[in-house]
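Here it is, the structure, as structure tokens.
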Amino acid sequence: MYPHADDVIRALPELVWCGFGMLVMLLQPFVKSRHFFTGLALVGALLGTGAAFAAGATPGAGFYGLIESDVFSFFFRLLIGLVTVLVILAANSYLDRENLPTAEFYALVLFATAGMGVLASARELLTAFIGLELSSISSYILAGFRRDSMKSSEASLKYFLLGSFATAFFLYGIALVYGATGTTNLARMDDADPGSSLLKLGLSMILIGIGFKVAAAPFQIWTPDVYEGAPTPVTALFSAGPKAAAFALLLRIFATVPAATHFWFWAFWVLAVLTMFAGNLGALLQTNVKRLLAYSSIAHAGYILVAFAAVTFMANDLNGGAAPAYAAVMFYLLSYGLVKIGAFTIVSEIGGTGEKNLSLDDYAGLAQRQPFAAAALSVYLLSLLGLPVTAGFFGKFYIFKAAVNSHLMWLAVLMGINSVIGAYYYLRVIVVMYMREGSAEAMAAPPVRFPMAVNVVLAITVIGTIYFGLFPNQVLNFILQPNLIAR
Amino acid sequence: MSSLFHGGHLLSILIFFPAVGALALLLLRGDDHVFIRRIALIVSTAEFLFSLLMLRGIPLNSGDYRLVEYAQWITTPPIHYHLGVDGISLFLVILTTILTPISVLASWNSIHHRVKEFFVMLLMLEVGVVGVFLSLDLFLFFLFWEVMLIPMAFLIGIWGHERRIYAAVKFVLYTMAGSILMLVGIIWLYNATGTFDLPTIQQMIQTGALVLQPRAEMLLFLAFFVAFAVKVPLFPLHTWLPDAHVEAPTAGSVMLAGVLLKMGTYGMIRFCLPLFPEASRRAAPWVATLAIIGIIYGALVALVQPNLKKLVAYSSVSHLGFIVLGIFAFRNISMQGAVYQMLAHGISTGALFLLVGMLYDRRHTFEISEYGGLATPMPKFAAFFLFAALSSLGLPMLNGFVGEYLILLGTYQSHWQWASWAALGVILSACYLLWSYQRVFLGEVTHEKNKSLADASRREKFILATMSVIILWMGLGSTYFTRRTEASAEAVIDQVEPQRPYEAAAPPVGSPMVKAAGNDTSVVHDTSVVHVTKQIPAAASGR
Amino acid sequence: MIPTNYYVMLSAILFGLGVLAFIFKRNVISIFMSIELMLNAVNLAFVAFSQAMHKLDGQVFVLFVIVVAAAEAAVGLAIIIVTSRNRQSLNVERVDLLKL
Amino acid sequence: MTPQLIIFFALAALAVGGAISLILQKHPIHSALSLIVVMVSLAGLYLLMGAEFVAAVQIIVYGGAIMVLFVFVIMLLNAGIEEHTSLSKLAGVPGLLLALALTGFIAATIARSTDTVQAAAQPGNMASTRDLSAMIFKDFVYPFELTSFLILVAILGAIVLAQREKARA
Amino acid sequence: MPILEHLWIIPLLPLLGAAVNGFFGRTWPNKIVNSVAIGSTGLSFLAALEAVREFSHLSPEQIPWVQQYFSWIEAAKFRAGFDLQIDQLTVVMLLVVTGVGWLIHIYSMGYMAHEGGYYRFFSYLNLFMFFMLILVLAANYVLLFVGWEGVGLASYLLIGFYFLRKSAADAGKKAFIVNRIGDFGFMLGMFLLFRTFGTLDFVALFNKATPLPPDAMGHLGTLTVACLLLFMGAAGKSAQIPLYVWLPDAMEGPTPVSALIHAATMVTAGVYVVARSHVLFMRAPTAMLVVAIVGCATALFAATIGMAQTDIKKVLAYSTVSQLGYMFLACGVGAFSAGIFHLMTHAFFKALLFLAAGSVIHAMGGEQDMLRMGGLSKKIKWTFVTMLTATLAISGIPPLAGFFSKDSILLNAYMSENGGPNVGHLLYAVGLFTALLTAFYMFRLIYLTFYGAPRYDEHHVHVHESPKTMLVPLAILAVLSIVGGWFAAPAFWGKPDYFAKFLEPVFAAPGGSEAATAEAVAHALETPLAIVAVITALLGWFAAYWLYLKRPDKPASLAKSLGGIYQTVLHKYYVDEIYAAVVVRPLLWLSTNVLWKGVDVAAIDGSVNGIAEGLTAIGDGTRRTQSGNTRSYAVWVVVGAIVVVALVFWAHAQPVLGVAR
């Protein structure tokens, strides 16, 4: 009987997410209650995340080696599931406020999640491509979800056009790799000739496609616009989910295709530097908090790329020298995901109906109006800045460590410089919140009451950020298992 | 209770007790200011008393780390919660814990808005600073080093004066720029050694288990050194300091000058010298040059400041230059002097900032030209000010003298040129302090507003008297301190430049002066002499 | 006998023309068409490789790509409709509210 | 020159010409027609290679369904002649040069590549539809199922985005 | 031997007095303040006397008598103890300080009776006594330095006593800073000594130095450098060229302060230090020569300025500078005991001069300008008599104290062969000429003040004699000014100079036979030189008499005929102005415009801000790539594609490893 039960279990999280996506859609005409769908989607997301445990308990390749259920995919499924859960919680009040259809929204979120899950578990390029498209197409729609908003539809259009453009590159890369190796299955490429120029070209094209997804400069160009235009909870999803999934695919390619790492070092080196600077310098002058966080996302992608440079550098180290770099990427994605979702959630709530209050001025005196929100946002910003007692600190620390480990001193130093530049604009937000007085009417206005779900999101992210900032151990040890990625 | 303090957790308590206090404050209602102040005072005073308990744990002439706490914190990479105190950190911690209640008292009436947050920040700052001084794990050290930034930035940024935000941001960016490099250095060191544990690395370097290439060692040294130099601040990295000081509230300035700057010099002593002895030696002439420039430069700029607080701030640049010089002269005497001067500067400059803050409370300006003739309306205050100024300019029998003297004396032993240039600072410090004292306190009262200024209040008198007593005590009873710091300081020097019994190092008397100076360094490097090397206790001693 | 290279070269040229079209078209629909052109180029490469290596999976990929292209087309055109509704313009250069 | 080669060059020329026409045409409908030309000529090439099924799908789905959709939308939106703006400085000569450079590089790399690609394409009958279906439903059943979700998403998206709101303010 | 074992009592008493008055005196009536201040110094004086009595019973081996009380500074091999020491030199200084100090305290009681801040004054004065006693009792250089700086502080406080006057505050500050410049040298001297000998305790250090051979003449050996550095400190404290400028300004302080600190005790500390370090100086002939020349030059230089001053205290101030120059001259030619001798006699008569001048000022209601005095001899007889005594003493008229001490110095200078025979003669000649000037300006002072017609408004100024509390100290000091020199009188009869003999254990000359012949020569020269000196002094006296009593119109015309020279002297050779123009103002300008506004603000902050602005500008540029135009974005993607492809194809070399592991 094909497919086997094991195959299904190994793909269970994605299937659950898709299933619940369908369920939501199916029930949409029949149930009027908006919150029902929130609950349903939440259940779906949680079940899917739970299914990751089942999948994790059944390690091995599935569907003739198209996907792989290993520790690596388990980690990313959990991460993606967590992101989705948080986004669903955070989006609820936003959808109410903006009077947007809930069922469709959640269905799309769940489908996107499934797509990311596929990316994280795929071991075959075409499957990965389908996963990528699943999450991308959902993302295009989600970005334009506020369809009567000029900005939202523009974001959607730009994302769609450029995303498809990049997807074409990605696909062309797959074709070339296929031409060079005769297969699209990563596991069968281990004997690929690293000198093949077709392979080089194909891998480059794939990198372009993934680089676009993770917003590596100069492919970062879409990010600020799309992040700004998309509905804020969707932005939160974008910044945490697809990025993690795309990085996951990249990591898996490195782990399984030795030939892939040969040529990529300098590409990552340069991309990392460009990305860090593009993000941080671009953010310097931003006065729109949402856009500022978008640029910050770019910068952080740059930091992660530093770890990738370390990965590619150390990949030839037979003693598993690249393991800390993998760990750095993964831990960073976790810490960064938590923070970004929390931060965008606050931006979403402060933004109010129609996302009016996005300017830095709207945050003036926030500490006095809404001390808890300000404190939470400060925690996120400090984590992004990389100060101790936050997860971001360890994230950055591990990346530094990975870089230094690979003797990439210049990269580490450049990253250090970027951290300092970054510190400037993160601090600026904190400064505005704590040290500047708000306008009279803003101070007089009653404080925005955060709904319960939002508070839960904030609590989870803040506690998570600080917890991982104090005890990164478990996560790290988990990542550093020797059988992290099946080969 | 007592077993708690005996049982080896004293240092943890010292670090986290203020945090608990801060947390308690957070839970309080924010509008009862008196109550909040009292709680803050009680917490910080209790912390001070706790810190005194350390004295029992430190025997004289012991260079070991004592009261060690050691626990695994993070397994990959192996990061330990490793605390310990030795002679050098002992008094720095006590300095911190005594300046905190004094800062609380000093802020009693001058902080009116967001009182609760203010004291929370002050206590959190204490957590960071005490942590820095007590950490024996490089990572832990870095963690506290960074943690301390935020409360300080808030103190400046929220409760500061007109350009507070600029100053706060500048402060953080400068420090971060330095410390990021240090992080890279720490990691590099970890890569080379496989551990973050300071005593272990020290031992590896001492035993030759770890040999760094000269270039690598120099880069590592610089990575650490720059971070510390920013903090100190060493010329030309000092420009954040005047801004930060001028804009900070009194308590912030006191803590900043009193202990935060010492973190830089402490770091040099604790890390730069023992970990990178060869690089330290090679860098010493450059560092010393910068230190000397700082001494003279800081003093000259202080001389012409129209702003009283900025003047004191620049005087810190000058004074800290002495400390750095003392450290990098690699003589036991100068090192002792540097350690001592760290404490002395904390007290005397702290006192000056307190005084300036009190003036500000009355007139809301730091401009010297706004004052003049204050000795008439406020004689006691003037007396306190003079006393603090005298201590700062190094009058013998007050605290400033001992450190400065030892630094110069020690430095002179190996580098008479350095000491000679640096000693110019002694002249200049008299110039700027006495001149500013004259312009503020002497002469006729020129401004109408100043005629009716109140003399020091009881609270202020209490604060100032406390500081004065410490100043005097430190000036007279310096041996109480130096006997406890001696072994640790010598242990540091032994790793850089082991020193023989004094007499042998003396140049032949009657030899030409210049030649004698030239000889001296070669004498020091004379390898035929058996070094009396002190063993640095392994980390294991505490485990 | 036509060397596979010929096909792949042709696909490369078509792909490049697609890129050019993407850059030089102003009408969003035309831009979208240039993406389709690029996907077609990919398909050509897939089929060529598939034939060259006597492997079928290349052709399977083509089918998948076509499906994906169809889905993209549906969504993309919907997005284009929304945009043109909001802006009354199909010129991509006029869609620049989000910038800097 | 074999006849096959002649056919190849003819179809290739047609395809490239269609692509260039796509770029040069001012009206989207003309561009769409040019694209159809490309697709049809590609279908011819598939046939030339012996991939009949793919060729059929190409004509039916691509040339038929998708392009019809395009034309439909062009009509729906009443798209006229392309407005010729040049707001983007980058997308002028630099864009042209860069794109040509990229294309040239890719083409050159392929031309110089010495591996499998050099092997002659075998027009053969190995591509039986049965084998194809076996592959789709066995080896690639997972992505195949996923494409169904993809289409679902597409439908959902079309509904969400293009649907006129009931009560639009 | 109770006091000898508790030497600390001697300085501590005044400190207690200072503390009690300082903390509590503000609200107390003057009487209590008096009793505390005078009581404490009086007791200290008594204790000193008792200590001297006990000291006289010590056997020579027990001298110097060192008491270690506690370790003050310890670091590695360095130890500075709170150790007090007493030997013959200390005895002299101790008695002078406590004795004269006490008298001046008593005098101040009357002089300051109507001043505000009475408690403050006495507190400072006691504080001064404390530090001065520390200075003379110290058994090592570091503790000596405590006293050294401490008296500087007290001096600062007392000069600035009338702090409402800007000039007073300025003068105090100037005194402190100029002293600090000297201290700079002093500290470096100490450092060098420590480096050389490993200790700064007098006994140990001198023991180690004794066997060393002297540095060659003109050679900057360690000892010479150390001595020169020490002398730099001494020059600051004792107002020698070029650091003398503070002393005349210090006259801003109340007159008793001038008497005590700026005439009798503190300013002689430099001489004391040189004498104390004689072991070193004896081995540094170059340094000795420098000391002698500087002393001599200062003596002459200050005397010339003194001739033109009209402020009674200023005259005395320059006179003090001049006399201090004499003392250094003595030390410089190796006649340490002569220097100390002059120090002692000078303490008597110069204190007396100042106190008397104070009495005059008191009588004149605060007037200090001699040109507005005249004819006071009748009205304030006691003051006149005592002041005349002191003038005779300072002018070197036998048999008053000054005659003996000055004669001794001149004799030794004449005999000095350090640096060549003619040097000694030159020094002698200059010294002699200075003696002439001394007599001249002192009698000028007498004639202007006490003789001639009154030049003040007699209706407004009610000249009155000072109270007993002021006159008694005057009288005592007058007696001392007369008899104070008689210790040395026996030298004229070929007998041992008692004073020199008393100090001999301290200054024991190296080498026996040589010293004997020198003594013989000295005795032969004694009387002729003395006669020359007396004649010179009389000449000076006569010149003053002629110019200021007989022909009072002459000085003005003389001044006119001298023109520029007179103006220069009147303006003290413009030294203050030169210092201001050459050092102070350039320094301030440099600090303000170059260092602060140039380096700090413009260069460092400017470059930091420049980096920030540059980054912002780049940031703005980065931002502008985000044009919002999708077509441009597509080009960026293409750019990225090219970058990636290019890097993958052409830059896949592994990077050079940063470091070996």
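Note that the chains are named A, B, C, D and E in the order they appear, and that numbering of residues resets to 1 at the start of each chain.
Here is the rule we use: contacts are C-beta pairs under 8 Å (C-beta built on N, C-alpha and C of every residue); 3 or more make two chains touch, one makes a residue touch a chain.
None of these values were measured; they are calculated from a predicted model.
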Any chain in contact with chain C as well as chain E | A, D
Centrality ranking, top chain (CA atoms only) = B
Name the chain whose C-alpha centroid is most distant from the C-alpha centroid of chain D.
-> E
Between which chains do we find the greatest number of C-beta pairs in contact?
-> C-D
Would you kindly tell me how far, in whole Å, the mean C-alpha position of chain D lies from that of chain B?
-> 70
Per the C-alpha means, the centres of chain D and chain E lie apart by a whole-Å value of 101
Chain B and chain C have mean C-alpha positions lying a whole-number Å distance apart equal to 65
Chain-centre distance (mean CA atoms) for chain A and chain B, in whole Å, is 43
Touching two or more other chains in chain B are residues 188, 191, 219
Residues of chain C that touch two or more other chains sit at 4, 8, 15, 18-19, 22-24, 26, 31-32, 48-49, 52-53, 57, 60, 64, 68, 71-72, 75, 78-80, 82, 92-93, 95-99
Would you please write down the residue numbers of chain E that are in contact with two or more other chains?
-> 623, 626-632, 634-636, 638-639, 641, 645, 649, 659
Linking chains that touch, what shape results: line, ring, star, complete or other?
-> other
Which pairs of chains touch one another in this structure?
-> A-B, A-C, A-D, A-E, B-E, C-D, C-E, D-E
Residue ranges of chain D in contact with chain E within the complex | 87-91, 94-95, 98-99, 101-102, 105-106, 109
Using the touch definition up top, name the residues of chain B that touch chain E in the complex.
-> 188, 191-192, 213, 215-216, 219, 236, 238-239, 242, 297, 300-301, 303-305, 331-333, 336-337, 340, 373, 375-376, 390, 395-397, 401-402, 405-406, 408-410, 412-413, 416, 419-420, 423-424, 426-427, 430-431, 434-435, 438, 441-444, 476, 478-479, 482-483, 486, 490, 499, 501-503, 506-507, 509-514, 516, 520
Sort out for me which residues of chain E touch chain C in the complex.
-> 623-624, 626-631, 634-635, 638
What residues of chain A sit close enough to touch chain B in their complex?
-> 327, 368, 382, 387-389, 393, 397, 400-401, 404-405, 409, 412-413, 416-417, 419-420, 423-424, 427-428, 431, 434-436, 471-473, 476-477, 480
Please give the residue numbers of chain C that touch chain E in the complex, ascending.
-> 19, 22-24, 26, 31, 92-93, 95-100
